[in-house]
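All chains are identified by letter, namely A, B, C, D, E and F, in their written order; residue positions are counted from 1 within each chain.
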Amino acid sequence: MTLIDLANPTKFLTLTARVLPWLAALTAILLLVGLYQSAMAPDDYQQGSTVKIMFVHVPNAWLSMFVWGVMSLAALGTLVWRHPLADVAAKAAAPIGAAFTFLALVTGSLWGRPMWGTYWEWDARLTSVLILFLMYLGLIALWRAVEDPSRAARAAAILTLVGALNLPIIKFSVDWWNTLHQPASVMRMGGSALDRAFLIPLLVMAVAFSLLFVTLHLAAMRNEILRRRVRSLQMMQASQRSA
Amino acid sequence: MSLGPYASFVVTSYVLATAVVLVLIAWIAIDYRRQKARLRELEASGITRRSGRGATEI
Amino acid sequence: MRLSGRGVRCVRGGREVFSGLDFEASAGEALAVIGPNGSGKTSLLRLIAGLLAAAGGSIGLEGGEGELTLPEQAHYLGHRDALKPALSVVENLAFWRDFLGGEAFPIAESLAAVGLDHAAQLPAAFLSAGQRRRLSIARLLTARRPIWLLDEPTNALDTAGQAMFAALMADHLAGGGLIIAATHTPLGIAARELRIGGAS
Amino acid sequence: MRLSGRGVRCVRGGREVFSGLDFEASAGEALAVIGPNGSGKTSLLRLIAGLLAAAGGSIGLEGGEGELTLPEQAHYLGHRDALKPALSVVENLAFWRDFLGGEAFPIAESLAAVGLDHAAQLPAAFLSAGQRRRLSIARLLTARRPIWLLDEPTNALDTAGQAMFAALMADHLAGGGLIIAATHTPLGIAARELRIGGAS
Amino acid sequence: MTALTALIRRDIRIALRVGGGALIGVLFFLTVVVLMPFAVGPDLALLTRLGPAILWLGALLASLLTLDRLFMADHEDGSLDLIVMSRTPLELTCAAKALAHWLAAGLPLIVATPVLGLLLNLDATATSAVALTLLAGTPALTFTGMIGAALAVTLHRGGLLLAVLVLPLSIPVLIFGVSASQAAITGPLSFGTPFSILCALSLVSLVIGPFAAAASLRHGLD
Amino acid sequence: MTALTALIRRDIRIALRVGGGALIGVLFFLTVVVLMPFAVGPDLALLTRLGPAILWLGALLASLLTLDRLFMADHEDGSLDLIVMSRTPLELTCAAKALAHWLAAGLPLIVATPVLGLLLNLDATATSAVALTLLAGTPALTFTGMIGAALAVTLHRGGLLLAVLVLPLSIPVLIFGVSASQAAITGPLSFGTPFSILCALSLVSLVIGPFAAAASLRHGLD
């Protein structure tokens, strides 16, 4: 089975039907391991137990950006190759991405209260993530507002690509402006600055959440393909009746 | 495991994260059921796909 | 019922379009307004519909329904088709039925009469030019009015559509209706001619 | 110059309009697209004009001007007339002459050819339906393009106008032009027929 | 009566479909509110003080953004001709259209106010004061705006007249709306006076608006 | 070249005749400014401090108000079809349309700034700093807004959906515009950094805007 075969919706459905249970199981296991490890992680000498919020906050924050990246790739697929499966991938990813972004915002706020003494601050990092969230909502609204899916797909693709400009702003906002939020410590030039006791649970959780995304995304794509099949069958039904 | 003075924040984060993930999963599962049910209805009304396969067939 | 105009004068954008125009039509009769482009056919229909004010002369209706004014008893079918692209065919028609009030005929039947029944659930944005015109015609059937003011009604209709519409007009006349239609092509029904402007 | 389509398929709003359509036309030839309402005549013209993407098949032009694409060598005259009501007749025409570029013909002459010279300074908002259509036709004359894609071009024209336009089309063909016109009424020139959809 | 409800239902339905639903309205206000801290800086006390003005500006903008199409769309597709010819008095029809517009564009803002209040750090009293003034005042924005919309249609002059006419009329509404909310939040002035002026403005416009709009449509069509 | 100048001349001429654009923008701008003293109270120092923010907000909202018709009118009367088919690259055409819009609706705002600066108690340096940042930044607003306008046309959706899609894109412009003006007025931060970022944003949008708009028109027409 080559990549080209995968691009065929029917093949996609058969393949994912086989892969999904395994993926789901692996995700569940990794999530459990990650949860156990984060429960066992020591308290930070500065942040106390609140450091545990990191294990959910950071993976969700990473994924919020990663999902937009996935949607941008799908957008290229829509515009350049006009591939229907790319439309499906983009549409299915948006609500999941919005959920991750929402979690990044909420857990960030919950962490901010003990650390900075406020839930919300209008600084560059926080605000650019909020903009990301608004753009996710805008995209979802666009998908829902437009009846014809291929038309919506092309508009959404362009908007996604334009919105991708926000990603570097989120990533580098902490370096460009002095903000409350801490600068990158895990993924940065010259190795991680994080203690292994925190790094390992964090990485496990990050992998687990990424797998969660892959699983949910594949499942949502299946739903979307079925939804389109329903739509085209209903159209056929309508025109058969007229004939 | 004692969580100190900020236990509520930590617990809330974890609970919220779990809740949102569960909602996502539930939404996707329900959506799947709904689409399948509609396909079955359509099949029952005698509609076939261009490929000749039944509506619910993969 | 008799609709008549005496010495009607029309001025648009400061220029006189026509003046001293006399016409009349009674129930069961069709009047075809013909004339070259820009001679004032559309303007005359809009005068009768009360959408323009006459610069002189008078237009009157005798023997219509009690207290209703002339425009309230008339349908106006113009170039613009009064359809909302965001609404479906049925929704568009149902709105005009409810809004125009009066005697109402079943939507499904009117749609079938104009050959649009298969498209009932489509958004109006999806209709072709001729299908839009057919939907406008369905409005005339759904909300009944004795007077039809038609501006080039057969535009965009295919040959079958023109025959269909001619039959609908004949029915309307047979039911005691009155038609005034501006047109450049034969209407397909017997009609008296009212010529305005120079030779066509 | 030869314009041809092979196995063209058109899908709009998720519904197939036609498929497997073949056609061709060479310089000096007119092709009349006929078919019932909703059969896809307008859609075909928009496909050729590059305003819609074909869902299958191919449309090609052989022997056109060097590097220009098919749409760049074509005029599209649709239902909507691309006129700005706020601008005068001359201003509207002058804009399209400058914007469309290429070989340009004097505006005054084109206006005279369509019988609008007396209205040159009027705002386009003041024009009647037929006058607007004449102004659109003047655009075809002012900015020369070899291919004319016409969607029910004689709509709203009076009898004299139809004859005038037939003469203009004949001139265009004689000069090596190519015409594809969707229509429900005879065009007034010799044309090959392309039938789409069921019987008209 | 069915005629008017049919009209209101249609207009709301179109607004929701074309605008993308009531969600979009709320999302719009959210974005406008989110803009503020960028502009004025992250000073929460200041934001609180500006809160009512921001919400009021959002309301004005949302109504302006959509109001100029109130009659224009119906005019362009020919519906307006049929509406003028119909058996329903034109004044009532105009009022119904304005009401539909308010329901689709004004009400979502009021419903969303509590959420936005949170972002602007307004407390419960302040939020409800702002919501109350919006409820009392936004009809005035719609009904005065309608006059401009009707004139714009009949004169074929889109934004210009609308702007010249509507904005001066809506400034008093805005001023009393904001000052009533301010009074409720910070004192020491009383809430009652500006609020009752606001209500009076709304009532007056509820009467004047439909009559003026109907008159200009009746005399202006061609 | 003549094609583009013809387009720009036509669009400006229509904007001036039909009104809309310029005047509604300026009037809205004025409303926002007039409203502020009521919102923040009669504290002149505070008003001065907020001045740039208020002017920038006004400019942003005003451009939002007029942008959604950028392509819509051409779409409705069929001009857009001919524009897409023409020999001029669509990207250039889009850029020309945006330029015309900016000349008709953005420039008047900048011209009006000195007058409004007086109302907000800004001194000459402050006013000219704000005007300068507006001059550098409003093109970015127009050119990003154009993307939304193009999407709105192809989706047959207007108004608020457009605003929701466009506003997030304009937030960075607002931030740097305000902080550059603030820096010029109060120090101690340097004016240069935010101002050059602002210019960079404008330049980027000058490139991205026409391409994205042209792409969405090309893929979306039907």
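The definition used in the following text is that a contact is a pair of C-beta atoms (placed from the backbone, for glycine too) under 8 Å apart; a residue touches a chain by one contact, two chains touch by 3 or more.
Note that the coordinates shown come from a computational prediction; the quantities given were computed from them, not determined experimentally.
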| item | value |
| --- | --- |
| Centroid comparison with chain A (C-alpha atoms), farthest chain | C |
| Chain D against chain C, contact positions shared by both copies (same if over half, else different) | same |
| Angle (degrees, nearest 5) of the CA superposition of chain E onto chain F | 175 |
| Centre-of-Cα separation between chain D and chain B, whole angstrom | 51 |
| Length of the line joining the C-alpha centres of chain C and chain D, rounded to whole Å | 29 |
| Centre distance in Å when chain C and chain E are each reduced to the mean of their C-alpha atoms | 37 |
| Interchain centroid distance [CA atoms averaged], chain A/chain F, Å | 32 |
| Residue numbers of chain D (touch at least two other chains) | 12-13, 79, 86 |
| Two or more partner chains touched - positions in chain E | 17-18, 20, 24, 27, 31, 34, 38, 41, 76, 156 |
| Two or more partner chains touched - positions in chain A | 127, 131, 134, 137-138, 141-142, 145, 239 |
| Of all residues in chain E, those that touch chain F in their complex | 18-20, 24-25, 27-28, 31-32, 34-36, 38-41, 46, 49-50, 52-54, 56-57, 60-62, 64-66, 69, 76, 105, 156-164, 167, 170-171, 174-175, 178-179, 182 |
| Of chain A, residues touching chain F in the complex | 79, 127, 131, 134-135, 137-138, 141-142, 145-146, 151-152, 154-155, 158-159, 161-163, 165-166, 169 |
| Of chain F, residues touching chain A in the complex | 144, 147, 151, 154-155, 157, 161, 164-165, 167-169, 171-172, 204, 208, 212, 215-216, 219-220, 222 |
| Chain C residues touching chain D - in the complex, by the definition given at the top | 12-13, 35-38, 42, 79, 119, 122, 126-131, 133-134, 152, 155-162, 184-185, 200 |
| Chain C-touching residues of chain E, taken from the complex the two chains share | 2-3, 5-7, 9-10, 13-14, 17-18, 76-79, 81-88, 221-222 |
